[in-house]
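Got a structure for you, questions after.
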Amino acid sequence: MTDYLVPEEPYYRGVGDEIAMYEAAYEIRMPMMLKGPTGCGKTRFVEHMAWKLGKPLITVACNEDMTASDLLGRFLLDANGTRWQDGPLTLAARFGAICYLDEVVEARQDTTVAIHPLTDNRRILPLERKGEVVKAHPDFQLVVSYNPGYQSVMKDLKQSTKQRFGALDFDYPTHDIEVEIVSHESGVDAETASKLVQIAERARNLKGHGLDEGLSTRMLVYAGSLIAKGIEPLKACRVALVRPITDDVDMRDALDAAVTTYF
Amino acid sequence: MTDYLVPEEPYYRGVGDEIAMYEAAYEIRMPMMLKGPTGCGKTRFVEHMAWKLGKPLITVACNEDMTASDLLGRFLLDANGTRWQDGPLTLAARFGAICYLDEVVEARQDTTVAIHPLTDNRRILPLERKGEVVKAHPDFQLVVSYNPGYQSVMKDLKQSTKQRFGALDFDYPTHDIEVEIVSHESGVDAETASKLVQIAERARNLKGHGLDEGLSTRMLVYAGSLIAKGIEPLKACRVALVRPITDDVDMRDALDAAVTTYF
Amino acid sequence: MTDYLVPEEPYYRGVGDEIAMYEAAYEIRMPMMLKGPTGCGKTRFVEHMAWKLGKPLITVACNEDMTASDLLGRFLLDANGTRWQDGPLTLAARFGAICYLDEVVEARQDTTVAIHPLTDNRRILPLERKGEVVKAHPDFQLVVSYNPGYQSVMKDLKQSTKQRFGALDFDYPTHDIEVEIVSHESGVDAETASKLVQIAERARNLKGHGLDEGLSTRMLVYAGSLIAKGIEPLKACRVALVRPITDDVDMRDALDAAVTTYF
Amino acid sequence: MTDYLVPEEPYYRGVGDEIAMYEAAYEIRMPMMLKGPTGCGKTRFVEHMAWKLGKPLITVACNEDMTASDLLGRFLLDANGTRWQDGPLTLAARFGAICYLDEVVEARQDTTVAIHPLTDNRRILPLERKGEVVKAHPDFQLVVSYNPGYQSVMKDLKQSTKQRFGALDFDYPTHDIEVEIVSHESGVDAETASKLVQIAERARNLKGHGLDEGLSTRMLVYAGSLIAKGIEPLKACRVALVRPITDDVDMRDALDAAVTTYF
Amino acid sequence: MTDYLVPEEPYYRGVGDEIAMYEAAYEIRMPMMLKGPTGCGKTRFVEHMAWKLGKPLITVACNEDMTASDLLGRFLLDANGTRWQDGPLTLAARFGAICYLDEVVEARQDTTVAIHPLTDNRRILPLERKGEVVKAHPDFQLVVSYNPGYQSVMKDLKQSTKQRFGALDFDYPTHDIEVEIVSHESGVDAETASKLVQIAERARNLKGHGLDEGLSTRMLVYAGSLIAKGIEPLKACRVALVRPITDDVDMRDALDAAVTTYF
Amino acid sequence: MTDYLVPEEPYYRGVGDEIAMYEAAYEIRMPMMLKGPTGCGKTRFVEHMAWKLGKPLITVACNEDMTASDLLGRFLLDANGTRWQDGPLTLAARFGAICYLDEVVEARQDTTVAIHPLTDNRRILPLERKGEVVKAHPDFQLVVSYNPGYQSVMKDLKQSTKQRFGALDFDYPTHDIEVEIVSHESGVDAETASKLVQIAERARNLKGHGLDEGLSTRMLVYAGSLIAKGIEPLKACRVALVRPITDDVDMRDALDAAVTTYF
């Protein structure tokens, strides 16, 4: 389990009372849902909290081809016949880790339903294929992430799943905090970082008006890192900010023009 | 089988004659269907009854990827070839447990059809893959849950399945009983619990008017527990009651305002 | 094979010449199709006939996930390699049982096509995976059930399948016969049984007018049994007759009112 | 291979030059397609021809879940590892049988495409999974059946498949011949057989006007056999002719009335 | 590999410069696509070229259920564990055969994408499941066939696949050449062969006007062979030319009439 | 790993600052997305960069049937039980190769989601089935290709995937550079190469006006190579440029005419 401890403090810049709230939620082992857009820091937050609470963290990137067995475990064939191997959720429940299901809405229903008995007062995980009922370790907690502006009509969590979680809203950081993050992570000075953040703010206003999603902080850090490596800012922004998020020629030119305003 | 005995009396606050009715149904081994909305206490009820009757309880959370083999059992590869392993339904039928299929309507038809010979006068379970016909233990009973307001058009139980069950209606508890439950489970005083229940009652009136499902008692217990841990009631309600059930900004604000009325 | 003999005479109350007709059909080994609504006694009839003819009976509940292998058999892995295991249809053909495929229309086409060579003058069952052609035992007969009012547009038997069977129509029993059955099976007196049957007759008139299917005799027996156990008739009817067949509030109230007329 | 020889002459009443034509086709090993409605004698014809030519016959009932492996063969796990087992088509090609694919249009495309190299001048069967190319035995011939009036829009043979076959049309026999067949097979006298055939002719006129398919000769034989066992003709016709082919009440009554005209 | 050498010169009657063009294409190992209608001689052409070039030929009939593993190879279970078995494409690439994928458009995309690294300057075949990268033998060449008039809207080769091939158009042979072929292959005299070709030419004009595809040369050879065996020409044409390509009564009569004009 | 080193400098003719930009991106290990039409040199570019940086290159042609296991690895059965085999992505992450996912948009979501933890600050690859978390080697970088003008509506990368990459635009080379490439690769003189490029430029203008995609440089090289082998230029262009990209008769004639203008 110590393999799953977060070794060093992950850089996380708090923006409200989310840290205190999470600590209280963990105290009563309330399963938590982190809601917010792509790249606003949900994954970083849960890593930070795992480090702060000193608990192991097991992260699973959910996807529509993931089966319940991928979470719970399966029998493997061995020299002596079949041998059971715990999946990541079982491992977390058995040994008391925080289990983080990233983008849980992408998973198939058998995956989301598998977490039900772990998220009510029973706190058990029935491994039907193995014929074992795992009682969750007292330290175990389940956390999921969820991007509300992003789900298709076809994909949503069932109400009977949603109601098992407390929920925290996340959003992009405020201007000053984001400047601080970009500067800290990429190595550019505050002035350059501020320009990058202003470009991002412009692009985020275009969400729903030709862009499906805003620029993430991670993209700003990439652009900053290229600049810090000596790449011309204009070119760095094109490669790291504009080209990845649009294939539309007009939108690309508009964003390129916005970049030119700052650099 | 003793692994499946419910060790302590699960807290259940009766609201009508459902306990007596269930006991009579069990006496004639009538398969039972518990109908009602998410989180109104169906699972807790069946745990309570299993404890009261002193019978083992095997619970299966149904889902659309579950196959008949997940219920009936399968062959596993062993050092000495294949070995049959009973699934949860077979285990229950063989050794006389109550088998509870939670949200049975989610399962595929091969799962629901598999229960037919167990729920008519034959009370047998043919394991076609094993070539065995299990005669149900005299203590065996099948119980399923079903949320009528929740099923999609595409998913419904076949009439030839429904007609094999007696059915009990469940609903959220009355005000006083729910206050008693929330206070008992979360540790807040009756006044706070009453405020939480009033918030829930308001939200439940919005079902079908912007909310797909009402607030469950479990959510109230979570909110109460956070308050008992010292979290400000307003914040506790946002995290535990409002954020989980809606992604709609207007609905969220309306619910937040409702919370402010009480705290 | 003696495992599959029906040990005691199953209670069956004949309503026409169906017993004589079936005996003649068995004499020429004509495959038979039993047509009729859910719960009108088709399964009981075939058990009765198997008992009367002194032949083993192998029943298979068909479903849309059933494969041809589930009927024919498959190779299992053994300490000494693979071993063939006969499926229920092969078993019946090999040793001369009556094989009853319940709700055959639910099965996939590979299942229904698998029965073709058994149901024409060849009376053989080619096990292609095993490389064996089983010649049906002289006692073997195939029987299927089929609910004509119930099939969806998407699911129907192919004409080339239907034409391989003789067919018998089944319906709910007449009033007096049904009273006799309910009283005999549940232990209530004839008066109470008659009231239950009258409720069923009312409900059956609503088929197609808000109810998908009528009340089955089995449900009346359940209601009677609860009454015999001391449950108030009104409550017994609600649990055993009304709640299982409708989720619609108006229909539920109408049926509850109908019950009140009699009790 | 001798297992697959047709042991006795199957009764077949020729209706044109189809026997001579088939013999010539076999002489040049032209793959043959037998076209015609359900139950008009295509299967019996190919059995007769196999008997006449003294060649083994391997029959496969095609269906939409059949895979190419079901035809070609597969590896089975054995005490000494995997062992290849020929499928029915491979067996026929290797040892010189006539291979009859009944209702070939039901099969998936990988099945129909698998026959291509066997039906052009190459006359080979590549077993890609085994890494073997089987050269067809000089006696091998492929025969398929096909019901043109019956195929759905979605299912048809590819032109590149159809063009690999010569084709013979089949239809119900003429009145006198069908009387002869029914009488010969069921044991009733010619007068009764003639009445049965007249009923069939009436029903066949309703094809496309409420009936999907006409009555087959096989059904008449069943009705005749019941009559020969002492069942009242009216009842025998209902069970063997009318009930199997329609679920429609009006059509059923019309057909019952037609029966009454004759008996 | 010598198993895959074409033992005797396959009869192929050249109609243009396609033989010289193919030889040049082979010299630069350009992958080739043979385009043209069903039965116009594409398969025969590639066999002829393989024989002429003295290279082994491995032919695969593509179909929509074929997987990449069917082309590349798979692990088989053996007495000593798993053993890799090359698929036909791997075999061809490894030992320098011409690999001919017949009707490549029928295959699933994983199959068509699997050929990409073999058809650009890399000429490699990564066997990801085996962890091996096969460098194509210098003699290896890939050839595919493709029927442009035949593809459905849903099925087409991706442009990034098409652009990897040079392409040769094929069509039915001219009158005189086709007469020569039919006479040579079936044994009928030139006059009869000419009549058969004239019938084919008439039918080919009906393509798109009631016929999906024209008559192939192969069908003419079948008709000629039946005539050479003593079958009346009229009957031979019905069985070998008309019945296989149409189920429509009017079209069948029109084609029968056309036959009568010549015989 | 040395198996995956690019042995000789792949010919790549730079057209802008893409080489310098890629080197900076590699320095900060920013995952890269190469955007552009079919056959414009994206694959060649990444091979060139791998050679220039002296890093091993592992290329995977993505397709819609590829599963996450195809990328990550799987358990194989061995004489001593199961043995894990790294997939290409795992191999690259473990030993520090550049992993190039060609046409990543073709892959299923489980494949694209599998790369998420490798493409944020964690740079890990959780092998859930094996229970191992691979920390990426410092040299590891992920590169994907993407053809924006080519994707169907149904297939697109998720924003949360796109935002993990920097992006470089690619297009066909300018006239002079393309002439240089065609001449260098095919062996024709500059004049012939220039004619071929002019034909390509004409055809590229037809993209969206009857052609789905422009002619690639690779096709020009094929045409040139045929000419260098002595094939008449007109015929070489038909086979290598025109026939492969269109099945439409009018478009084919228009392109043939364009070829005639130059040769």
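Labels for the chains are A, B, C, D, E and F, by order of writing; each one numbers its residues from 1.
Here is the rule we go by: a residue touches a chain if its C-beta (ideal position, glycine included) is under 8 Å from a C-beta of that chain, and two chains touch if they have at least 3 such contacts.
None of the values given here were measured: they were computed from a predicted structure.
Considering the contact criterion stated above, no chain is in touch with chain E and with chain F alike. Note on connectivity: the fewest chain-to-chain touch steps from chain B to chain F number 2. Of all chains in the assembly, none touches chain A and also chain F.
Distance from chain A peaks, on a Cα-centroid basis, for D. Where chain B touches chain C, under half of the residue numbers in use are shared by the two copies, so each contributes mostly different positions. Farthest from chain F in terms of Cα centroid separation is C. Centres computed as Cα averages put chain C at a distance of 52 Å from chain E. Note: centroid distance chain C to chain D, computed from Cα atoms, is 30 Å.
Each of the following residues of chain C touches two or more other chains: 77, 80.
If you check the complex, the residues on chain A that touch chain B are 17, 21, 24-25, 27-28, 30, 33, 35, 67-68, 75, 77, 80-82, 108-110, 113-114, 116-117, 120-121, 126, 128-129, 131, 133, 148-149, 159-160, 162-169. Chain contact summary for the complex, chain E toward chain D: residues 3-4, 38-39, 43-44, 59-66, 70, 74, 76-80, 85-88, 91, 102-103, 106, 147, 150, 212-213, 215-216, 218-219, 222, 225-226, 229-231, 235, 239-240, 243-245, 247.
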